[in-house]
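Below are structures written as structure tokens.
Same chain, two partners: subunit A is paired with subunit B first, then with subunit C.
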Partner chain A sequence: MRWGVIVFPGSCDDHDVYDCLKRVLKQKVEFLWHKDSLNRNVDCVVLPGGFSYGDYLRCGAMGRFSPIMRDVIEFAGRGGLVLGVCNGFQTLCEAGLLPGALVRNSSLQFVCRPVHLRVEETDTPFTCAAKKGQLLDLPVKHGEGCYYADDVTLKRLQKNRQVVLRYVDAKGRPAPAANPNGSIDNIAGVCNEGRNVFGLMPHPEDACEKILGSEDGLKIFSSVIAACGKGEKRAWHG
Partner chain B sequence: MRVKIFISFKDGVLDPQGKAVERSLHSLGYQEVRDVRMGKYMEIELEASSRQAAEARVREMCDKLLANPVIEDYRFEIQE
Partner chain C sequence: MARLAEKSFSQPALSPEIVAAHGLTDEEYRKIVELLGREPNYTELGVFSVMWSEHCSYKSSRPFLKRLPTEGKAVIQGPGENAGIVDIGGGLAAVFKMESHNHPSFIEPYQGAATGVGGILRDVFTMGARPVASLNSLRFGSFDHPRTRYLLGGVVAGIGGYGNCIGVPTVGGEVFFDESYNANILVNAFTLGIAQKQRIFKGRAEGAGNPVIYVGAKTGRDGIHGATMASESFSEESEKKRPTVQVGDPFTEKLLLEACLEVMKTDLGDLIVGIQDMGAAGLTSSSVEMADRGGSGVELELAHVPLREAGMTPYEILLSESQERMLLVAKKGREEEVKKIFERWDLDAVVVGRVTKERAFRALFNGAEVARIPVAALTSAAPVYNRPAERPAALDELQRLDLEKVPAPKDLGETLKRLLDSPNIASKEWVYRQYDHLVRSNTVVGPSADAAVIRIKGVKQGLALTVDGNGRYCFLDPYVGGILAVAEAARNLACVGARPLGLSDCLNFGSPERPEVMWQFAQVIEGMRDACAVLGVPVVSGNVSFYNETDGVPIYPTPTIAMVGLLPKVERHVTPWFKAAGDLVVLLGRTREELGGSEYLKVVHGLVKGTPPWIDLRLERAVQQTCLKAIEKGIVRSAHDVSDGGLAVALAECCIAGPEKPLGARIELRAMMRGDALLFGESQSRIVVSVKEKDLGRLGRIAAKEGAPMQVIGEVGGPRLALQPLAQLPVEELRSIWAHGLSRRMKDEG
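Entry: the complex of A and B
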């Protein structure tokens, strides 16, 4: 399979994702400049973390209008796999590819630390290699990662099982103290209704080797590789 | 035309900045202060054939980029 990592002006985790995919996972991966069109041979597009367009106005608000995003929206509409990490998650929400929005952390502080996450759903191409209820340790590093959705949207997310990851404590309970940013319902990652677009605030690419303190991030990437390898991609294409 | 745009959080959206400012005001002795909400304020200069035309354009700008309808409301004033 082939991966594409979008580079927006102000992206800073693009190289982390690239390195994780290329060196650690031996994947075919290329950078995609935000002004270019989307390479049609790509199976999964990653929107990396960072501060696209300086995060001016709102995080992801301007990145969402980068030329490549027109192709990304079309690609997602055809069932293509799209993964947004941190600023990428914010951009996917701004683009309307994912429900809800990410606002200022309730603590008003930038958080940079490892968190425990619980895998809530495994019938997505991004978590199919994990077990339901499995705990993952990944780092977060953001100032505006507080997930918000109104009541109607939240109920729909729960009903459709679109909440893929929740912040939990060491025992796997979604306690308020385990929530690093005030996200509603301890939500750390959501997918769209088609389950082919996934956004999360924690960084799987920064937890891909023992020396980084955790290898749990590989679960996310290896899920995508497994889903594409088994030809299950077609299933996600609906 | 000069347009003044005011963007604010919808009711129900947490506004920790507003809360922090409220606490600061309380600590300065302004105990009567309640419900501080932070927002954004923009001014833009715009050419338009009529007030109506300007309104339509500004509304479009707000819906598309300047405000996020998931979390924000907006209003604007046009000065000719």
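Entry: the complex of A and C
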């Protein structure tokens, strides 16, 4: 399969994702410049972490208007796989590809620390290699990662099982102390109704090698590889 | 769209008041007239004022700095360029430097600290290196001081705000609190980058006729005379100088970083001859320094400089310290290729001048000459002062410490808890969790250890980084303090398994016009020099920050030492915390009965007195070599250096500082000395290591060969840290105190 990593002006974790896919997972991967159009040959588009346009306005509010985003929206509409990490998640929410919004951390401070996550749903191409209820250790690093959705949206998310990852404690309980940013319902990652667009605040690309302290991030990428390998991508491509 | 400056400019007349307001003495003014052979005009006066400022000219420190050893087999570039460079093998080089941003950070903590980070990043990427790791060394006043929380909060947010946004991880640092810094905080920022050894760029203007290109952000009126401000002492007036602090824009710098690295890429051939960032004294110092290094001159047309506001005068354009700007000298005929790359990143790139054969700095404004100064008059001919130095009269009294009059506390366990709660010893997590220490996915050991460790993708070696400096020691004995700063940094590298390659320093002192300060400065340099010589560490870059004083009271003399070391195999690194029950705890080095300058003496007895700990550099080297060789043999489970708070604090940290559940230890301490000195004395050249029992013999043989004293002091295990026969405490309780010592003070706002 082929991966594309979008480079927005101000993307920082683009190299991390690229390196993880290419060197660790031996994948075919290319950078996609935000002013270009989307290469139709890619199977999964990654919107990386960072500070697109400096995030001087609202996080992702400018990135959402980069020229490539028109194609990304169309690609997602045809069932293409789109993964947004941190700033990429924020951008996908701003673009309307994912429900809800990410606001300032309740601590009002940037937070960089490891968190425990519980995999809530495994019938998505991003978590199909994980087990339901499995715990993953990944780092978060963000100033605006507090997930918010209004009651109606939240109910719909629950009904459609779109909450994919939750912040939990070491025993797997979604305790308030385990929540690094005040996210509603300890939500760390959500997918769209079609389950082909996924955003998460934690950074799987920084936890894919033993020497970095955790390999749990591989679960996310290897899920996508497995899903595409099974030929499911054809279904998502419509 | 860049705005145009006013069409013409008439130079205001000079008066003695104007000269004085530029921070120039009468004697310096006479020297300017002599060098020019005429009176300077207003613009030229401004140029001299910044170039001859202490900040840019090092006029008080230059004779001393020459005494530091700058050569070593790994050194590619020593002091004098934008940053120092060492060879790290595999065709790669590490480019690094530390710089102070003390004055701006005190006036406006967020922006002052942020632009400090921005400035040091530019110094590194201007040499063709991709910045991969930052550190910072911070000093604040006591928590009793009303501004300390505000300043700490602002500085930390500013460092994070800039470093996080530009995507360079802040992997380590140090924070220290003492009344001495109540009205003059220290913010020293360090960045390291990795470059191809064969693709290093320098700040040189060469080749007459080559175009000088301005790239990056537009020029505004911010930061005019920042360099001059950094060369003055503080007073109540300083608050009014807030507008001279620049505002950082990390997004623009991120674009600048990517665009500059793209321009320097090998496959494009040589587009540029030289490149330098516009830091202190902006366009003026960058163009003058490049011309000086290249043995050439430069001619600038100031009307072409992209401006942020209308009506700026040539004087303002030359002296602005607007951030995120670089000056580069391109190969003639390749201007368009350079411009195209910057345009892709939505940045201005404008030809603003050319390199000239005549060694003069010339500035034109719409064709009319507004300044013409020989380059040498601004650089090599700048004044150098051999200022008087004198040992402070009060030092004898300060160094006198009668331990008879210092009662030992009855409950040493309670004392340990008090020390773990001290903000100087407590966990700094409140600080570093606000920094992205992971971006670029190279961080192997983050900010909680003696030194940070990063890997380098594509090669097997790794780099270790640390920054250290104890102003209290230097206050009590600046010569010994200088030695200890270098020794501790090298020891911290040894604890993770890295051999030092080089260091960068920030020398933070009071006013050099005070003979006592000058004496402290000279003594610190001598101490550093001796330690560098014995431990084999060259100084490759650094900076001097004088005038750190408020209303006539200087700060403690505070050299901060950022040291970089090499790990032959990155996976063979060691962390400070205990790993498993049953491992033996071994102390390398020797404990002496000494308490002078210790954190214990300050926290428990309110004293900053005595002489700092004794040091024998040969013993220091033996201890470090033992640790390094044992790590290379793979037998060290954990290694932690003994520093602030002494042996008891070091052991407690071994138990509680790790990411997993705390691990206790049973320690037996036998020594003929006071219990408080045994537990909390800060004897140097000590490292606590843990090993498996079966490896003890091997460790012993290494230590014997190196000549390092070694003693088995206990065993890892149990829920308590037992320091028999003096104290016994549950490690969970110690962890809780240590973990919240700083954060609870930051919450106490109100």
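The definition used in the following text is that the second predicted complex is superposed on the first by the 234 of 238 C-alpha atoms of A that agree within 3 Å, B and C clash if a C-alpha of one lies under 4 Å from a C-alpha of the other, contacts with A are read in each partner's own complex, and residues count from 1 in each chain.
To be clear about the criterion, a contact is a pair of C-beta atoms (placed from the backbone, for glycine too) under 8 Å apart; a residue touches a chain by one contact, two chains touch by 3 or more.
Quantities reported herein were computed from a predicted structural model and do not represent experimental measurements.
A.B. asks: For A:111, is the partner it touches subunit B (first), subunit C (second), both, or none of the two (neither)?
C.D. replies: After superposition on chain A, A:111 lies in contact with subunit C alone.
A.B. asks: More subunit A residues touched by subunit B or by subunit C?
C.D. replies: C
A.B. asks: Pick one for A:94: touches subunit B only (first), subunit C only (second), both, or neither.
C.D. replies: first
A.B. asks: In the complex formed with subunit C, which residues of subunit A make contact?
C.D. replies: Answer in residue numbers: 9-13, 15-16, 19-20, 23, 49-51, 53-56, 109-114, 139, 141, 143, 203, 205-206, 208-209, 211-212.
A.B. asks: Touching residues of subunit B toward subunit A in the complex: what are they?
C.D. replies: For this pair, the touching residues of subunit B are 10, 12-14, 16-17, 20, 65-66, 68, 70-71.
A.B. asks: Subunit B touches which residues of subunit A in the complex?
C.D. replies: Touching subunit B from subunit A are residues 57-58, 61-62, 65, 93-94, 100-101, 103-108, 146, 148-150, 182.
A.B. asks: Looking at the complex, which residues from subunit C come into contact with subunit A?
C.D. replies: 157, 160-161, 164-167, 249-252, 254-255, 345-346, 432-441, 443-444, 455, 457, 570-571, 659
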